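Attaching a single structure in structure tokens format; questions to follow.
By written order: A, B, C and D. Residues from 1 in each chain.
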Amino acid sequence: MNCDEINVWLDTLLEEINEIKVTRKSDRRVRVDVDASSLPALLELLKGKASYVHLSAISCVDWPDDEEFELVYHCWSYEAKSLLSAHTRIPRNSSEEFARYVSVYDIYKPAGFFERDIYEMFGIYFESSPFMEKFILTEWNGPPPMRKDFDAEAYVNETFNWAEYNPDWLQEITEEGGGIAIRPEDVRL
Amino acid sequence: MSVLDEVFILCALGALVLFVFHRIRGIEKLAVVFYAALLYLLIKMSGLGYGGEVIYSSFSLNILGETLQWRFDAVSWFFAIITVASGLFSAVFMSGKWGESYREKTSNAAYGTLQIALLLNVNSMLILLASGDLLSLFIGWELVSWASFMMMALNPDKQARQAAIKYIVYAMAGAMAFLAAMAYVYGITGSLQYAELAQASAALSNGQIILLSLLFFTGFAIKMGLIPFHLWQAVAYAETPAPGAVFLGAISARMGLYAIIVVLIQLIGLGHLQQIHIPFTFWNLQTVLAWVGALTTIIPTYIALKQNDARHLLAWHGVGQGGYMLLGLMTLNSLGSAGGLLHVFNYATYQAALFMTIGAVIYRTGTANFDKLGGLVTQMPLTFMVMVFSIIGLAGLPPMNGFVSKWMVYRSLLLDGEPLLFVAAVIGTLGTILSVYKLVHNTFLGQLRVEHQNVREAPLSLLIPMLVLAAIMFVTGMMPGLVLDWVASAQLAMGLVPVTYNLGGIVLASGGLDMIWITLILFYGLGVGAIIFYLLGGRAKRVHQYDNYAGGHFLTSRVRYHYSHNFYAGLMHLIGGWYRGSFKKLEQAIVSLVSLLSQLSENMYRSAQPAMMVIIVVVLSLWSISGGIN
Amino acid sequence: MASFNSISELLAQLLFMPMLAFLLGLVMVLMYRKIAARLQRRIGPPFFQPVYDIVKLYSKDTQISHGLIHDIGIVVAVGGYVAAVILLPVPGMDGIADKGGIITLSYFLMIPSLGMALGVGQCANPNGSIGISRALTAMLAYDIPFIIVVFGVALHYQSTSLVGMIDYQQAHQWGIFEMPLLAAAGLFALQGMMGKHPFEIYVAPAEIATGPMVEMSGKFMGGLFVMQSFQFYVASVLYTSLFLGGGANWFEFLLKIFFVVEIPMSISFLFPRYRTEDMVRIMWKWPVMLALIGIAFVI
Amino acid sequence: MSKLGNIPVQAKSEKKRTNPLARVFDELIQFCQSRSMFMLHYCTGCGAIELPPAMTSRFDMERLGIQPMVTPRQADILLVTGYVSVKTLKRVILTYEQMQSPKYVIGICSCTVNGGMYWQSYATAKVLNEYLPVDVYIAGCMPRPEAVIMGLRRLMSNIENGKGNAWKDYYERYDYYLGNQQHLFGDDWQTPVDVIGEAKFYDLEGEETYGEHTRTLEQHQEPLEAAVMRVKL
């Protein structure tokens, strides 16, 4: 089947879903913005009818100003050789411990790992996802560290000490105006 | 009344007393006294072990013109002393704590039955060893078979029962072969006396000798578990209660070897066997028998390597070690036959000790499964020590006694110039080393399981026989001359040239063996090693088993960190495919054939088909009439 | 045959033979590392490096033991070799070689391995156990050709006594010329016996963390270093006695043993490592075939 | 701010050495120790890539008597080559504790000094010598093999002069190191290695071996006594 043919077919297919905005960036890339409630249906359609069988990744973007998380599902079709990124936004739920969304594990099995990762890093709980225990940050008990309101630098300064490392050769360089001295405007502490 | 009569009277009395009082507690003490008394009587006969005259029993029978008589010569005495000593050690083993726990698990009566079974085994073997003609040999043979069956059938476990049934079927087949051979002998010579057979055998034709040897050998080989009759033994012995396994494993199967010595070596003669060429091959009868021995060392040993239960592993080795004895006896020089005989003694010491250690492990932990054991060395150090002594013996490494007898077998094969048999024997030994390490590693070394952290050392009544056996192993390893005295007398009685030996080992012009020197040098080396280790360098701190390198992983009691399953994975990649179970399939085929035939005849018998019956009767009667006419 | 005239001579031999073996073994260890370095275009360790290593290991301030058997394992590993070298005749010193002979010696050499195997077993480390299982399999692999070679040689000389064999060779001709096939098979087996590349699967540093040595620290490891030098010595002297006529004098003897040990050392860095089953396969195929043909010639 | 290097090791009251050769003997041992170093490279980061050239024919560490070993039991030097995440640090500490004294730690790359380019990361431990006594730091991103070898030679000369005693500090101030470790890993932190038991056994205890942190440890630690071989009938 011709790739272009699939693309045309896909565009017509996507029209069926409510509140959808399809932006074709090129013949290999499509951006789809969709309502959070329709996303599983969209993925189901993509996988079942449009040959997008491979979920490459789920990425998450924190928009603290909008009080929202953006989830991006990157789906790849081997036949159309094209990448579709489905964007959706969910409420950030800052007042509670974590935000909630629904898992797509039943559609794409690899989603389990991505969701576990996102849960750990952003604190989005995916309902009905099979693995929601600790993944990489087994030693971590603090807030989800990838959220923008988590100040890593403050945490580091609070938790760790710094070594006093100023050998003679470095002092010489600093005296000559070089080195790794921090300019006053860059100091954040 | 000769000493032999006293032995028989004691045996009868013992059996009677034990049978009457077997339900009473304390019977085990009586049994120990009985075996001790028996041993005392044998020691009274010890002149036999040093070239004394044959001792006859004053008791004899006349049946159908045949005189049945019993006597003890050096060979009988050699086997008898091993038998009674094994009986004594088993009786001591089961007299204390082990007996109590067995009583608790079953009943007083069951324990008494076990004692009776052991006693009957010892007695029947003494009768067999004392036999003075083929008929008494056969009677003894049957007694031994049924006594062993009684012992095996004591375990109510289904697998054990099946093994016992299988054993008795094999034993009956062997007895039939034996009986047929006897009938054949009777047909030729008109007598069942040894002397007549020995006389007649010189004049027999090749075909007759082959048939006779085949029949006798089949009968004896089944008892000894030689290839291709090796399938029954291991399971049957392994599943017997521990003292039973000790006794059966140590000596019972060697009755086959005794009968081979009496009939094939004493009566027919090895030289005679060697002159008989098998048609269409390069082989003669003696080489065939030697190869049976060689294959028996290899195949069961490598089956043992795959076992995952300590008792089964040991029992399979028991089958395999029988091969060395036969191989030694089938060599043409005095060194080899001495090695084979000495191996009977050595084997009995370490096999009994090994079954005892496993019995002790089972007594303490309740299992002999390799996947459920490990790390017991800290809990049961003496048992471990005995096991190490015995596996050194079993593997045939210096300085234990197993090395001496195996060395003699190798050396005799070298003297005979038999490279392939030599290689076969070495392959067997190497396989033994592999599997004994698996045995000791998976039970005593490695990680201690949480549930075994409070296991204690085996009780004294179990330890004493084990420690004594270990001492015997070491002493007769260092000074094999002690046992070689008996072996040389037995060789004389067998009509062979006795081996030249001294206290330390074998004297040979072209390279002998002196175990005293070798043991001393080994201890000198170990002493130097100990000095290097303990005097140089700092102190070493004992650490907990979880303080262990695991690639940075944190070990806790939740992590099993012990390699025991599929222990020789690399080797099994290569040879795993060679375990095809061909013998098992052959056995199954024969079983199916027999059951098919019996079903056919049963159907014939039961189905009321008059026409068929009439035809058969007519055909049969016609055949018999025509035979009559001819 | 009796090679010692007095008890004092015997005592001197008991003392000197192991020491000599150890010192020569150290030089062989150095040689092994130097050959490796030169083949890899490196400079290699300084002359006293094996001594530094052993002194360092024995002078460790702390070391761990997993129990008595762990200690005894090292004692047996070293002590077994100390005893074995006394059974190996060298020029002027026969030790008690005539009391044992070649069959005894080849079984004697298994004692250190068994001792070490027991010691490693108590470490409760699966890496060690895997290493031992592989080492024993390797032993099964190389011992079969080795034992056939031993058989052939003993049959050829009609003797199992090493002293007798050496005397015969010095009177007639070296064994390697009379039995070239057996000598070739023996060299093959020797390669396996030394436990170096390409047959060092049981050490396999990257996979099972040096297998048997995984839990050995301080003087435990030092003991194994000592054992290694004995191992080189025993392998080379045994081969020299069987095929190269031993040594009539020390110069000849040293020349021969270093020549013998140099061959497997050079080969070892030219090949990648064999898997366990491949090692068994290759050992049961070529050297066994060579050795059996060699025996056929001997008979 | 914690100080880098220069760990103050209080010399314990030395036992009277009556043997006149003791000094010579000690120096011989120190010399051998400096000429034979087995290193365990804990390749946590990019610095590991500089070790192969240092070991192979270009720079050949073996001529200095340095060779790689694979288990901590056999090793003398722990090379931490790069950034150490909190999760890795646990394993580094366990590995260090499983090494046998005298043992030395070399921190390679800037990351082990101050977190390096990961200074801002919440998951990277910053100053290695808060958790382990580091003998030599080799800074750089990454240091070249020459620098690595220079660092190793520095360590060699330290050992030869009897100054490579940082490992004693771990026993003598165990409470301090344990405290830092607990601060990072939580109060239930423990390794299967009985450091306190070792300090007692080898007489390496110092004033700060015990303290509040070791008390915290003792409250929940699984018992680590070795199984004793005993005959209990």
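Here is the rule we use: a residue touches a chain if its C-beta (ideal position, glycine included) is under 8 Å from a C-beta of that chain, and two chains touch if they have at least 3 such contacts.
All values reported here derive from a predicted model rather than from experimental measurement.
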{"item": "Contacts common to chain B and chain C (chain labels)", "value": "D"}
{"item": "Chain whose Cα centroid lies at the greatest distance from that of chain C", "value": "A"}
{"item": "Chain whose Cα centroid lies nearest the overall Cα centroid", "value": "C"}
{"item": "Computed distance of Cα centres, chain B from chain A, in Å", "value": "72"}
{"item": "Computed distance of Cα centres, chain D from chain C, in Å", "value": "36"}
{"item": "CA centroid of chain A to CA centroid of chain C, Å", "value": "61"}
{"item": "Centroid distance [mean C-alpha coordinates] between chain D and chain B, Å", "value": "58"}
{"item": "Shared interface positions of chain D, touching two or more other chains", "value": "71, 73, 90, 198, 202, 226-227, 229"}
{"item": "Shared-contact residues (touching 2 or more other chains) in chain C", "value": "57, 59-64, 66-68, 209, 214-215, 218"}
{"item": "Chain-chain contacts as defined at top", "value": "A-D, B-C, B-D, C-D"}
{"item": "Chain A partner contacts - residues on chain D that touch it in the complex", "value": "1-4, 86-87, 90, 113-115, 119-123, 125-127, 129-130, 139, 183-186"}
{"item": "Of chain D, residues touching chain C in the complex", "value": "28-29, 31-33, 35-36, 56-57, 60, 62-63, 65, 69-71, 73-74, 76, 100-102, 198, 202, 226-227, 229"}
{"item": "Complex interface listing, chain D residues touching chain B", "value": "71-73, 90-92, 94-95, 98, 191-194, 197-198, 201-202, 222-233"}
{"item": "Residue ranges of chain B touching chain C (in the complex, touch as defined)", "value": "375, 377-378, 381, 384, 388, 392, 395-398, 403, 407, 410-411, 414, 417, 419, 422-423, 426-427, 430-431, 433-434, 437-438, 440-441, 444-448, 510-514, 517-518, 521-522, 524-530, 532-533, 536-543, 545, 547-551, 561-564, 567-571, 573-575"}
{"item": "Sites on chain A touched by chain D in the complex", "value": "137-142, 145, 150, 152-153, 155-156, 159-165"}
